[in-house]
Amino acid sequence: MSQATLHAVQTASSPAVAEPILRVNNIEVIYDHVILVLKGVSLAVPEGGIVALLGANGAGKTTTLKAISNLLRAERGEVTKGTVDYNGRSIQNLTPNDLVKMGVVQVMEGRHCFGHLTVEENLLTGAYTRTEGAAAVKRDLEMVYDYFPRLKVRRSSQAGYTSGGEQQMVAIGRALMTKPKLILLDEPSMGLAPQLVEEIFEIVRQLNQKEGVSFLLAEQNTTIALKYATFGYILENGRVVMEGEAQRLMENDDVKEFYLGLAAEGRKSFKDVKHYRRRKRWL
Amino acid sequence: MSSTAVSAASGSDAFTADGRHKIGGVILSVQNISLSFGGVRALTNISFDVRQHEILAIIGPNGAGKSSMLNVINGFYHPQEGKVIHKGQERKRMRPFMAARAGIARTFQNIALFKGMSALDNIMTGRNTMMKSGVLAQAFYLGRARKEETEHREFCEKIIDFLEIEAVRKTPVGRLPYGLQKRVELGRALAAQPEILLLDEPMAGMNLEEKEDMCRFILDVNKEFGTTIVLIEHDMGVVMDISDRVVVLDYGRKLADGTPDEVRANQDVIDAYLGGGH
Amino acid sequence: MDFLYNFFISPFVQIADSPLFFVEVLTGGLLSGVMYSLVALGFVLIFKASGVFNFAQGAMVLFAALFFAGFIDKGVPWWGSLILTIGVMVLLAMTIERVVLRPLVNQPHIILFMATIGVTYFLDGFGQTVWGSSVRVLDIGLPQTPLEIGGVLVNKFDIIAAVVAGSLVAVLAVFFQKTRVGRALRAVADDHQAALSVGIPLKTIWAIVWTVAGLVGLVAGVMWGSKLGVQFSLAMVALKALPVLILGGFTSVPGAIIGGLIIGAGEKVAEVYWADAIGGGIEDWFAYMLALVFLLFRPQGLFGDKIIERV
Amino acid sequence: AQAQENGQFVPGLVYRTGPYAPGGIPWADGFADYVSLLNARDGGINGVPLVYEECDTAYNNDKGVECYEKLKGKGPTGGASVQPLSTGITYALMDRVRADKIPMITSGYGRADASDGAVFEWIFTAPVTYWAGADAIVQHIEAQEKSLKGKKIALVYHDSAFGKEPIKTLQALAEKDGFKLDLFPVPHPGLEQKATWLKIGRQLKPDWVIMWGWGVMNSTAIKEAAAVGFPMNKFVGVWWSGSEVDVRPAGMDAKGYLAAQFHGAGANYKVHEDILKNLYEKGKGASDRDKVGDILYNRGLISAVLMAEGIRTAMTKYGNKPMTGEQIRWGLENLKLDDAALDKLGLKGLMAPLQLSCKDHEGGGKVMIQQWSGAAWTPVSDWITPRRDGFLTEMYKESAAQYAKEKNITPRTCN
Amino acid sequence: MLYREAGQFKTSYAADQQIFPILQDRVGIAVIAAIALGVLPLVATEYLTTTILIPFLVMSIAAIGLNILTGYAGQLSLGTGGFMATGAFAAYKLSTAFPDLNIVFVFLGSGVITAFVGVLFGIPSLRIKGFYLAVATLAAQFFLLWLFNKVPWFTNYSSSGVISAPPRAIFGDIMVTGSSAHYTAKYLFLLVFVGFLALAAKNLTRCHLGRAWMAIRDMDIAAEIIGIKPLQTKLSAFAISSFYCGIAGAAWAFIYTGSVEPLAFSIEISFKVLFMVIIGGLGSILGSFLGAGFMVLLPVILTNAPHILGLNIPVDMISHLEYMIFGALIIFFLIVEPHGLARLWQIGKEKLRLWPFPY
């Protein structure tokens, strides 16, 4: 990647210098008034960067993303502390609609397609906030179809009846249709065939480099996430326990062992993993 | 529990060296299944066998028809052509609950837990088919009902320990993170003590560590109870490591069928599915 | 035996020896069915656009009619009252969105359904507090006189109603299927959260739908109002619309009309020819039974979206 | 406050809301106005002020019960007489008033056989019952048609306890006078009657239609009748189907429509003068000035009169203080409203004379037929006396006896 | 930390499977029972008993019934009124046909009869779902009412179509129905009934039948795939739910109003009960009571409030306001806690557990 972005990354971790496109400051999230989930998460996404958000199940990745895109309220959750700034401006009390207009869009975990709409209609709903007129929308639609030829085949069938992976593609394509500047990707690789996973991350890279779209992606597939990301945060039940540039993280032994499965003696077969290895926690 | 496994293993010739049940004869075979929805041909003339005690993986690109295949096996989809032969007898248009009662349990790709219920209750429902006490007995929690409840509760607790979800026993599953939900779902399937266990992408959305645990569970189940396992998974690492045989589907067709190594070597499979990465 | 005769033979005998009367009953039924459709349309709109079964539709019909008639009684010319009432309905829609729907976003449908029942109560109370509970005669000069066409007696008024309903349906159907907003509406119905996530502004969307539903309610209110006089009972026409709704399908605009026709004709014919066999006053439940029978064959109603069953 | 303690408490179970409010409101106004008149003009009854409290039943049975329970305890002597203004509520209260010893006056509604005071000790049906009404209507029709032999009469009725009341009588009469009776139930609320009227107007084509309707059902029926071209002057409604609110929404269609009444229409009676003078001049009226004298208003007024005169009569025996339920019952059973008395009350011509007794809780009230001119109700018959002796009274007895058996009540002996 | 489970360890699953595993809850229940049985009968006036307590109990039964069907089995129903009517008329026929049949059995019998009717109208539920089913159940509502209205046999050929409760006694001489029955006797009789029914419901919902219902409710396809028979389960829900509604109807006719015509069980009742269930909390027995309490009390309070406050508002205005406030409150509660009063109570408890810490 270019020097410029690399520089951005380094500063991202150390605040106050050149403002990143997204800055999350020590936020705390509570569900149902009682369940405390995020206990002060801070992170930053540099302009044109790809930042990975890693962590076990229940660490709070999805919650973090929803806190940013303001989808929490719909889950009876609320941000009780901290701030979220986009381009240096607080976005906590904007509606998701405003955010999308400003170029922040989330791809929700677990698809959430509009079951009764056809695949194509699903994609078109993504263009709801667009104003450049039909032509531009049409072009992007074609773009999405290039990315996911499979969708073109199924374009006229109801999304509710498409396969898991197809739905995942629809969800991502739908987000792309909003012409975003910052995409919050929640588990993009989930349920996708290997080569498709590669493709998706290739798409991410393309958008990032060609169109300068920034990404914050919550991903379980650490290997590939770190391969494409410039910077990474690791979440453990509601706290950031580790952060750093992708390469550095990849070199970190703990990460190697617990997230990449590369123990000293190299990758070992799932068959041989000894049972229920107690996790080493950073707290 | 591995200890018991070992003791089970020792001596008897029904077991392999590492204490697994020896792979036996064909327990379920699908023959020339064709399934289509309106225009979409989800499956065309698919045949393969599932052998007792084996771990069979089904892989293939998205939309290849893997989940549909499982749906056919447990009677949720009714193929236009072909038949499913379970334990030597052909199954005519059967309803899903019959499959369940015949010992075929499964988990789902898009988690299908009972959102309003606690993890424990979800797992208990897995044993509903075995509970017999009548309405009145239940209404006044008389002997039989009480006895049943406690017995089955104990079994479910075993599973809960096994899957390490004691902590969230009483939590409504809706609130659990994705990964744990997948585990609870597995628990629900196990509770039925099935002969055949169909798993649809059990490790989707898990990080490595959790995948390792999940593999462990699957292997242990197979070892412990000799449960036959049919598994859909996109993580080649997992598939190649833990499965005895692999069936590869590609847009409704069967591409290949063999041991992991054979499949890995198969050029069509590489082109259609594995891609450069592997 | 006697029953069997009354049930299986005599109705057809009757039809046979005065076919003209049968035609009359049929047309009468079809036309009054259209009046139901007018109300059913309101339900369809909101269900289709937010998955909410808006119980308040009946109340909205009464509410709109009350205000319209009220203004006229106050001496405002009818077009003036119309404008004012439209204003009121818009206001109402926005209030409902702000006070009821927004806080309940992404809640299960039954909860929203419940909330609309709350709205119903409120509107019933509010409308009557403002305008009182006594009957208001609403005469916007629609002709009431019966006329004979080839020996068949039909009511001018009903024909007008039919035309109105027909055109409403045409417009709305296009709106939903073809326009961008229409698509967004259907998306919202499927998944509030996802709709939010792609930037569909529920706020405006809902305000729009409820306004439109309110206006449809107004039309229905005026029609029914000038038929019965504007009074509390108007709210009850909703009950007549429900079977129409399920028969046509909650999500189908044209379904509302077809459903209305089937129900209307069916219940009238039944009441006239089968009442002797099973006793009169069967209209009430017959409509529902009829709908039920159809549902057994098409659980989503004649034209409703298929209920997606997938694992 | 003074009044509160030692006044006569008067409970008012009315309905100014709900689907039947349009009919309930004028009745309630009439009742309220007469009570206020007594207070304003004569300072109550023999100096005992009346303390009136309304409770809204919305014409709904359990709400009615709740109202009754709420009001029956108030005042020094409790709600010592009650008028539920709904046949449904009447039924719901029947047991309770017996237990509570509170007379229940059901003027022109409720249960006809309750006229048999021997069994229904606590219920008063004065001045007329539905059965009497039905008989009177048939008498009128007979008068028009000379003979009823082979005539076709249709009954369109509200499919409820109220609507079913006349059926028995009409069937008996059909038997007796040899006319053919067809029944057309209309389910509540009665918005939809096309089928019914197509059948009546285009197929059956009866000589007369009698209607036992209430609420929106009435105006709808009249409209539909007109729509199938049924002649209005062959269409008679019971008194609950014969008020302004029923005919006005139907517009000119209703011109010529007939209705049976047990009291006159219009505000040109002495009592109305007083009401206007003592209340409306001072802006204390319950209703709009121009609604005074409406059919239902007058009915409410008359119901109030019956109660008031019952109390007045009771005081002649028990002295001028608030009366208890039992005392009022005595009063009612000894109530005698002859022309002189009516004249004194300024009701001359508004209602027919009547006299109650232990046996007879109906009191021989009369019925007249009125016609809607498009603007007002005008009498088209003089007072008709229902054929009680030898006919209705027998039916009352019979039916009452059965009730007594069911409830194992032993009828008292009147003498 | 007033309310805490901590420290109350369960040594056996049996112990953990008690209805109220937590001590504080058990105490609470005991206290409530004591008040209901011991205190209220002594202090409650006739007005209080007949217009609040009794209807509250009756409606609670109905609410439990509907909650089983809608809250637990997820089958939305608007036929409650019809089923209650069935119960009422069944009870009437039973008690008049067999005059010396004990009233307890009359009630149970009417429940059973209603259960059958319920099953009949439940059959479509196999195919029809959600609001479609709800509207379809209206068919039951209207048809049943019409039936009782039309067929004179049900009312023993009373000309008016109104039935009134024959006087019946328990333990030989304690009148519990009819005009001569004392209101306290009625109340206690009903209370005991409710107690048993509630207990039974609670038990059912936590045994395998209950789990089957909930499974169907939450995801019927998945439920079927893991071996739960949809039709059986749904019908059982309809049967038991109707059983409760039937008894509620009988109690309504025999103990509350004393006489009914079919119209008394009109669609309004169906909705009322539905509110109770939703306001109280779907899938919660406690909720059924809370909901019933809310729905019975609120109107009474609202109608009497002006008097209490010494305001002099005309009755029509009062009941219009009543409507408005009532509607507003429903919405308000739904917004505060969509899962109903029961859930509110639960959250309250959780807060108590954390108290004095916010979370």
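Order of writing sets the labels: A, B, C, D and E. Residues in every chain begin at 1.
In this section, contacts are C-beta pairs under 8 Å (C-beta built on N, C-alpha and C of every residue); 3 or more make two chains touch, one makes a residue touch a chain.
Given the structure is predicted, the values throughout are model-derived calculations rather than measurements.
*Asks:* Count the smallest number of chain-to-chain hops linking chain B with chain D, moving only between touching chains.
*Replies:* Graph distance in the chain contact network comes out at 2.
*Asks:* Which chains contact both chain A and chain C?
*Replies:* Looking at chain C and chain A together, the chains touching each of them are B, E.
*Asks:* Pick the pair with more C-beta contacts: A-B or B-C?
*Replies:* A-B
*Asks:* Computing the C-alpha centre of each chain, which chain sits at the greatest distance from chain C?
*Replies:* Relative to chain C, the chain with the farthest C-alpha centre is B.
*Asks:* Roughly how far is chain D from chain E, centre to centre by C-alpha average, rounded to an integer in Å?
*Replies:* 37
*Asks:* Take the average of all CA coordinates in chain A, do the same for chain E, and state the distance between these two points in whole angstrom.
*Replies:* Once rounded, the distance between the two centres reads 48 Å.
*Asks:* Report, in whole Å, the distance between the mean C-alpha point of chain C and the mean C-alpha point of chain E.
*Replies:* Roughly 31 Å separates the two chain centres.
*Asks:* I'd like the Å distance between the centres of chain B and chain E, where a centre is the mean of that chain's Cα atoms.
*Replies:* For chain B versus chain E, the centre distance works out to 42 Å.
*Asks:* Got the chain D residues that touch at least 2 other chains?
*Replies:* 16-17, 21, 25, 159, 187, in rising order.
*Asks:* Which residues belonging to chain A are in contact with no fewer than two other chains?
*Replies:* 35, 161
*Asks:* Going through chain C residue by residue, note those that touch at least 2 other chains and give them in order.
*Replies:* 128, 133, 279, 281, 284, 310-311
*Asks:* Determine which chains touch and list them pairwise.
*Replies:* A-B, A-C, A-E, B-C, B-E, C-D, C-E, D-E
*Asks:* If we count contacts the way the header does, which residues on chain C are in touch with chain D in the complex?
*Replies:* Of all residues in chain C, those touching chain D are 18, 21, 24-25, 28-29, 32, 128, 133-135, 137, 139, 144, 146, 153, 155, 227-229, 231-233, 236-237, 240, 267-268, 271-272, 275, 279-281, 283-284.
*Asks:* Give the list of chain B residues in touch with chain A in this complex.
*Replies:* Going through chain B, the ones touching chain A are 2, 37-38, 40, 60-64, 67, 109-111, 164, 175-180, 201, 204-213, 215-216, 219-220, 234-238, 241-242, 273-278.
*Asks:* Over in the complex, which chain A residues touch chain C? Could you list them?
*Replies:* 69, 71, 73-75, 95-97, 99-101, 105-108, 112-117, 121-122, 124-129, 158, 160-161, 174-175, 177-178
*Asks:* What does chain C use to touch chain B in their complex?
*Replies:* Interface residues on chain C, with respect to chain B: 311.
*Asks:* Okay, in this complex, where on chain D does chain C touch?
*Replies:* The contact residues of chain D facing chain C are 16-19, 21-22, 25, 159, 183-187, 189, 191-192, 194-196, 198-199, 202-203, 215-216, 219-220, 223, 226-229, 245, 248-249, 251, 253.
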